[in-house]
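Order of writing sets the chain letters: A, B, C, D and E. Residues in each chain are counted from 1.
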Amino acid sequence: MILELDDVTVTFAAGPPFRRIHLDAMRHVTLSVAEGETLGLVGESGSGKTTTSRVALGLQRPTAGTVKFGGRPFPRRRRELAGRMQAVLQHPHWSLNPRMRVGQSVAEPLSVLGRPTGNAVTEVLEQVGLEAAFAGRYPHELSGGQRQRVSIARALVTRPGFIVFDEAVSALDVSVQVQILNLIKDLQSEYGFSALFISHDLGAVRYVADRIAVMRAGEIVETAETATFYSAPSHEYSKQLLEAL
Amino acid sequence: MRLMPGGFAETVLGPFATAEQKAALAARYGLDQAVFIQYGHWLAAVAGGDFGVSMISRQPVGAELLARLPVTAELTVLAVLASVLAGVPLGVLTAVRARPEGGGAAGRLFSGLGVSVPEFVLGSLVVFVFSRYALGLKVGSWVPLTQDPAANLATMILPAAVLSIFSISVTARTTRDAVMGVLVEPYVTAAVGRGESPWFIVRHHILRNAATPVVTLVGTTIAYLLGGALIVEHVFNLPGVGSYIVQAVGRRDYAVVQAGVLLAAGVFIVMNVLIDLLVGVLDPRLGVMAGRRS
Amino acid sequence: MSLLSVRNLVIDYPRTRALDGADLTLQPGESLGLVGESGSGKSTLGSAVGRLLPTTARRTDGEVLVAGEPVFELPAARLRHLRRKHLGFVFQDPIASLDPTMRVGAQLRLVLGRGGDVGFHLARVRLDDPRVPRAYPHQLSGGMAQRVAIAMAMATSPELLVADEPTAALDSQVREEVSNVVFSLAAEAGTGILWLSHDLPAVARRCDRVAVMYGGRVVESGPAREVLGDLAHPYTAALAGSAPAAAAHGVRLRPVPGRPPVLDGPSAGCAFAPRCPFAEERCEHERPVPVRVREQDVLCHRAGELELRVSQGDAVPEGAVSEGGVVPQDGAVSEVKA
Amino acid sequence: ATGTTTSPTAAAQESAAPGYLALADQSLPSGGTLNLQVHIDSGAATGYDPQLADVATTWQLLSLSYETLVTVGPDFSVQPLLAEKWDTPSPTEYVFHLRKGVRFSNGREMTAGDVVGSLKRLLASKSVWRGQLGPVKSAAADGDGRVKVTLSEPYTPFLAALANVPAAVLPMKEIDDKSVDPATTLLGTGPYVVENHRQDVSWTFKRNDTYWNKGKPAADALNITIAPEEAARIAALQNGSAALATLGNVDSSTMLAGAGNVQVKTQATTDFYYLMLNSLKPGSKLADPKVRQAIAIALDNQQIADVALGGQGKPTAITPVGLPGACDPAALPSAAKSVDDAKALLAEAGARNLSFTLTIFSTEPAPAVAQVIQQNLQQAGITVKIEQMDEASWSGKVYGKAPADFDAALSWFAGYADPGMVTKWWNPETAGFNAGFMKPDKELNTLIDAAGKEPAGPSRDKALAAVCAKADADAQMIPLVTRPATVAFRTDALSPSLYATEGYGNVLRLVADARVKKTQ
Amino acid sequence: MRRLDRLSIGGLVTLLVLVVFALGSPMGIGGDPDAIVGPRLQPPGPGWWLGTDNLGRSLLPRVMEGVGTTLLLSSVAVLVTAALSATFGIVAGYRGGYLNELVMRLVEVLYSFPAIVLAILVAAVLGPGQTAALASIVLVTIPLMTRLVRAAAVAVSQRDYVTSAVISGARLSRVLVRHVLPNVAGTIAVQGTYALSVGIAVEGGLSFLGFGVQPPQASLGVLIQQGGTYMIAAPWLILGPGVVLVAAILAINVVGDGLRDRLEPRETRTLT
């Protein structure tokens, strides 16, 4: 198991000190991702998918419960995990440093690891369907979909062991989407990374995920093999979701 | 404060003082005790509302500060008003007019000019021009506000103007920077798309979003203005706190300097709390996100 | 008179030609879905309608007429009037397009003016929770923010609503809900809709007409049913064939081969030619002109001669896309076991 | 010598009489309010007590309310004031005939007891002025309205010393019964009474209605504004909010040239700048008299006067030039020598590449003087590094420690009204304040004392010349140039009286005569 | 890469000219700045192209020396301020937390000391002179800049690109230098040029009080301070250094603004 969440609860406090509102973004969530497996995480907006991913990435400390990455709790120093995980975050608008050129952004995970850049950047840009010339652009010179693809390229460039895709393909047209999904699958079969694939696009999830977890109001209501889930969902909410597809 | 070089005794007793005289004087003001003991006594007294007595005039420092505070406060308030009323529009204008090829040159030059003329030069020039030629505003004869508000304002306008030139420019430049940062935000585009007029967008969307640094600046500038008031009060000979502190520093009148610094620090801390409150109101995100990172 | 008419619009960014002679018309009250590959120029076209392009963008050629008024020639005041009276925009990132320092209710009130009924407008987009008008944008979920943005755009009952991928970031339930809201409100008010999206089936399901963009041009436009049903342009066909939703688990989909073009000047011929299985010699260096094929306007040299068809049975534009996809006639899609 | 009651009246024209820069037009009506501006307030921790006051600015303000037995005339002659006249039965005895009808501002008449008590109080005090008063043995009432002072040996500057504010007659009855504290209250026989004082802001005085000299003071009230900034005072003059102001800059007259109705007068004073060389600093080359002499030779006092003081000062020896009997600075031994002599002396002393720091305060014209000194000494191959500080830091550094750790410092002395008075400071044992950097010179001390005893006349001049020469050779404190005082007034507002030369730095000495032309 | 606009290039050229001008002084071009060469307060003429001052020194070499002193002093001060403020502000903004709050408050209290008191204290420790002036300028300018940088850094720290870098395992230093710093650089540029102006003003004031540059060394602050007194009698005394100072600050500000705009790759939007 590369990732194990055991009975994780995350509570947010919001509002002024005297009128604090507490909100459980995750409630007793238990899930795991095996080596080389892609876990699809679906659920309605605000159900806690992004929060789950933040916990999985060690960005959010759980209020209760334990998280293990690679069999161990998150180290105190983040640097020890360098190169082992990557993420494509939800907001394409904010996920790229506006003052770094695309090439620099994509190369960054490599230079963090002290690896030579070589032509890895051009290569991965081509893989996500962007010409090499895009490396010289600033994020604001990209269309929404192009920006999202740059984020994906950045996540894939170091071939990490674990990747979180949070709505990674939502702003892409079908053709490019297929290209990206294929890329993910190819890379996975090539070197076997694990992934947490968050999306509300059940089609895309079905295409890449091995197992699927369904979240609702902070809880995991169902976990199932992809095939099982699409043919015979057990939870009422899962059925609703599939109906809407 | 007492770490300042130069003895109070030499200053006050003059060069002719004998060693015994100096010792007696020091004993009278407790200057012979260790610095922190002096400080402790002083703090205890301040806590009880007693700022001590000026070593020079032997008048209570608290009363004197209180008498002088209105002058400095008026000067600062006028200058702050001017910097906000002139600096913010200027900054907005230069930002809104900015073009890739470098627009708003006149505004940029103007705000650059403002920071480049030192207060004492401008002050001296103004004092000279207005004293030699009757231009309606009089310099050098200060009238208390309570005595004749109109005459008081007439004497305060020039010093306040001199004092504010600098902060107007700084406010303008900071505003420009902040507004430029806001202009690229999608909600501005959204407002343009709704067909709002530039003025409307500036008023309702830009000002508020650009306000955080500007408010921070203006709040912090107040401390700077208090410092600048020092010079301006000096040049225009206004009986304010600034000139009081300058003279006290010159004579090592520790009681006054300490009280003055305490006052400044107090004003400053209050200002900062106000800024933080205001910023919290202006930008609700900061309230929520504060302390997010552990 | 058409409500929106884009004629041979050419827009250049410093290093990119985003629009390379786009043509589009939209009649009052009509809904038009504008689909296209990522980077094909949809957002640029949408912004051009309101002359909302960034300062670095240059209109090199062509014009945009909204309600007969040439948008790019209007003086500032008239332009503002036009935007206010005739146009409404919903941008791609709803949270970013709301002022973060102002409560939702206050923002809506600004748009409505004095006496506007904030509650009514929020209720129209199914936001009747009293907390909403008092909330700041960052306190809303993505779906709620999106609906607020729509409420603001619809508040003035514009004649034309330009919505740029308004549902891309929403889950399927909310997406349905939001789309329903927009289309029903538009229908009530007689608003024309320009709906920018990459989701061809969804667009085809809701819009009266569909326009397909490729390489900065509108390569095909026509009634939704026709465009998807009677495939006329090779690109449309390719696009229709690669929806992942259509694939069964374990089936490998094949995207349109090649990469989308990035132009830096006028394309010599048909921009799709390098990726087109039917490309001929002239496609490479002769710019196609619109051809009328059935009810569609098609930008293809071989329009009409080709018999494009959906493999594995007929595509069903209405409702959910069934198993299988839309493929070019030569059956370029291969099924591979993963 | 005896004196008679004279007051500097007469001459109704602006063109001043000899010894005067200006004379008040007595034909003008009296009354009105006089607005003045000065650059600094009195600010001693000792308060208003005139006996403890030791700086000219304080004397100036206190002189409005306090009076002395005698006063100084325009030519430094001693003139009667509270004493109508005096006899000197012997060189060590002075009998003062007190003026009748003199009242303190509380209405009580001044008595011989006040005079005697004041003198005794002064002699018992730690005042600097106690030393200046000389070897007073006793003071006692001598019959009705007379006071007799006996010295233990002759002391020529005695009367001049009595003419300054610290020797003022205080209301001793009130002081003794503790109903008045002179440190906090001004109660004198002078022309004005304090109405209000805000430290460092302003003084307001109103006329003393019980003043003995009928017809004086001319102006009913005085408003004195403290304006530290020169520009503010100039502005006040120009716009008429001040009728008279003291100015610090030597070029003030040029600056006010175009301003109508403003007259700028430069009053010569006996105050002078001097250079202190610390001979007590361990290891310092300046301990060597040859080195100090070389410095004295290399200094070009004329250039300092011309350049740093805009030609308004004069080179001086330790007896302030301008006082009757003062020695001629051109006749000093160092004046006859050249830069080469200085270099030779330095070489002799093994101080070829001499370099030292000159510590100055930042008030103009001290930095200007320092920079000219720097240029002068450079000619002799001496490198001077200037270290500038505010006055408080400066006095801390120069006077705060014994032995002092500065190399050289610049300052000025008030020159007083008799050439022998200031020479006393060259004896660190009497002066005290300079003991931290100055070695007593026995020979010089003897000469100083001798000159003090010598009655005025050619023999005293000779004695003084010897003092000057000796001090020049000693060169621990090197006198440089006199320090001018500048006053400006509005001719349309005021007709003042001003001496051409001042000994006690009191620009306001004759303010009671000043006629106000119109009240602002 | 966006080019600097014409105004900024003009500013840059002005600065270059001033630097060349300043470099001429130690090479003896223009003459000895301390030598008394003529009568006092002479208007410009042969031998003293900018006139003479109140000591009869030629103003030209003094202005040349002054430009050098001032530019060096204030730019070093600003660099120190910028470095310290950027570090404090960015770390405090990124890290948040009580300790950082405390540090900020302390810095602010320091700021509330009137500049001269601060200067005197510094001079007490370091002795009067350029170092004391430098330290005072830094102390006076640091708090505002730190505060504004921190505010900007807080906002930047919330962005996803920072999070992405953290996920990549980037070291704190890398996150701060590569991501936070460039995004607050505009603020630093604007505040830096502001600090430069404050620095020059403070330097003048300190020298006036005797704590700054020691005579006879010239700095623009000293020259203008002196010129101010002779404004009427000898206007050239303020005109020469005044024009140079205004040109310098103006150039710096214009360049600062240009730099700020250049550091912002996103295009600005017009409101019409």
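In the analysis below, a residue touches a chain if its C-beta (ideal position, glycine included) is under 8 Å from a C-beta of that chain, and two chains touch if they have at least 3 such contacts.
Because the structure is predicted, anything quoted here is derived from the model rather than measured.
Student: Going only through chains that touch each other, how many steps at minimum separate chain B from chain E?
Tutor: 1
Student: Would you mind naming the chains that touch chain B and likewise touch chain D?
Tutor: Neighbours common to chain B and chain D are E.
Student: Hey, which chain ends up farthest from chain B, C-alpha centres compared?
Tutor: C
Student: Average the CA atoms of each chain to get its centre, and name the chain whose centre is farthest from that of chain D.
Tutor: Between chain D and the rest, the longest centre separation is with C.
Student: Pick out whichever of the two, B-C or A-C, is joined by more C-beta pairs in contact.
Tutor: A-C
Student: Counting only Cα atoms for the centres, state how far chain B is from chain C in Å.
Tutor: Once rounded, the distance between the two centres reads 55 Å.
Student: List the centre-to-centre spacing of chain A and chain E in whole Å, with centres computed as mean CA coordinates.
Tutor: Here chain A and chain E have centroids separated by 47 Å.
Student: At what distance in angstrom does the C-alpha mean of chain B lie from that of chain A?
Tutor: Distance between chain centres: 51 Å.
Student: Tell me, which residues of chain B touch at least two other chains?
Tutor: 4-5, 99-100, 124, 128, 184, 186, 189, 192, 249, 288, 294
Student: Which residue numbers or ranges of chain E touch two or more of the other chains?
Tutor: 120, 123-124, 208, 228-229, 232, 264, 266-270, 272
Student: Identify all positions of chain A at which a residue touches two or more other chains, and write them in rising order.
Tutor: Each of 14, 90-91, 93, 140 in chain A touches at least two other chains.
Student: In the complex, go through chain D and note every residue touching chain B.
Tutor: Chain D residues touching chain B: 43-47, 54-55, 126, 128, 184, 198-202, 225, 227-229, 231-239, 241-242, 258-259, 389-400, 411, 431-433.
Student: Per the contact definition, I'd like the list of chain A residues that touch chain C in the complex.
Tutor: Residue list for chain A touching chain C: 14, 42-46, 90-91, 93, 126, 129-131, 133-134, 137, 140-146, 149, 167, 170-179, 181-182, 185, 189, 200-204, 206-207, 226-227, 230, 240-241, 244-245.
Student: Quick check: in the complex, which residue numbers of chain C touch chain E?
Tutor: My answer: residues 54-56, 76, 79-80.
Student: Show which residues of chain E lie in contact with chain A when the two form their complex.
Tutor: 159-161, 163-171, 174, 178-179, 182-183, 185, 263-267
Student: Which of the residues in chain B come into contact with chain C in the complex?
Tutor: 99-100, 185-187, 189-197, 204-205, 208-209, 282-285, 288
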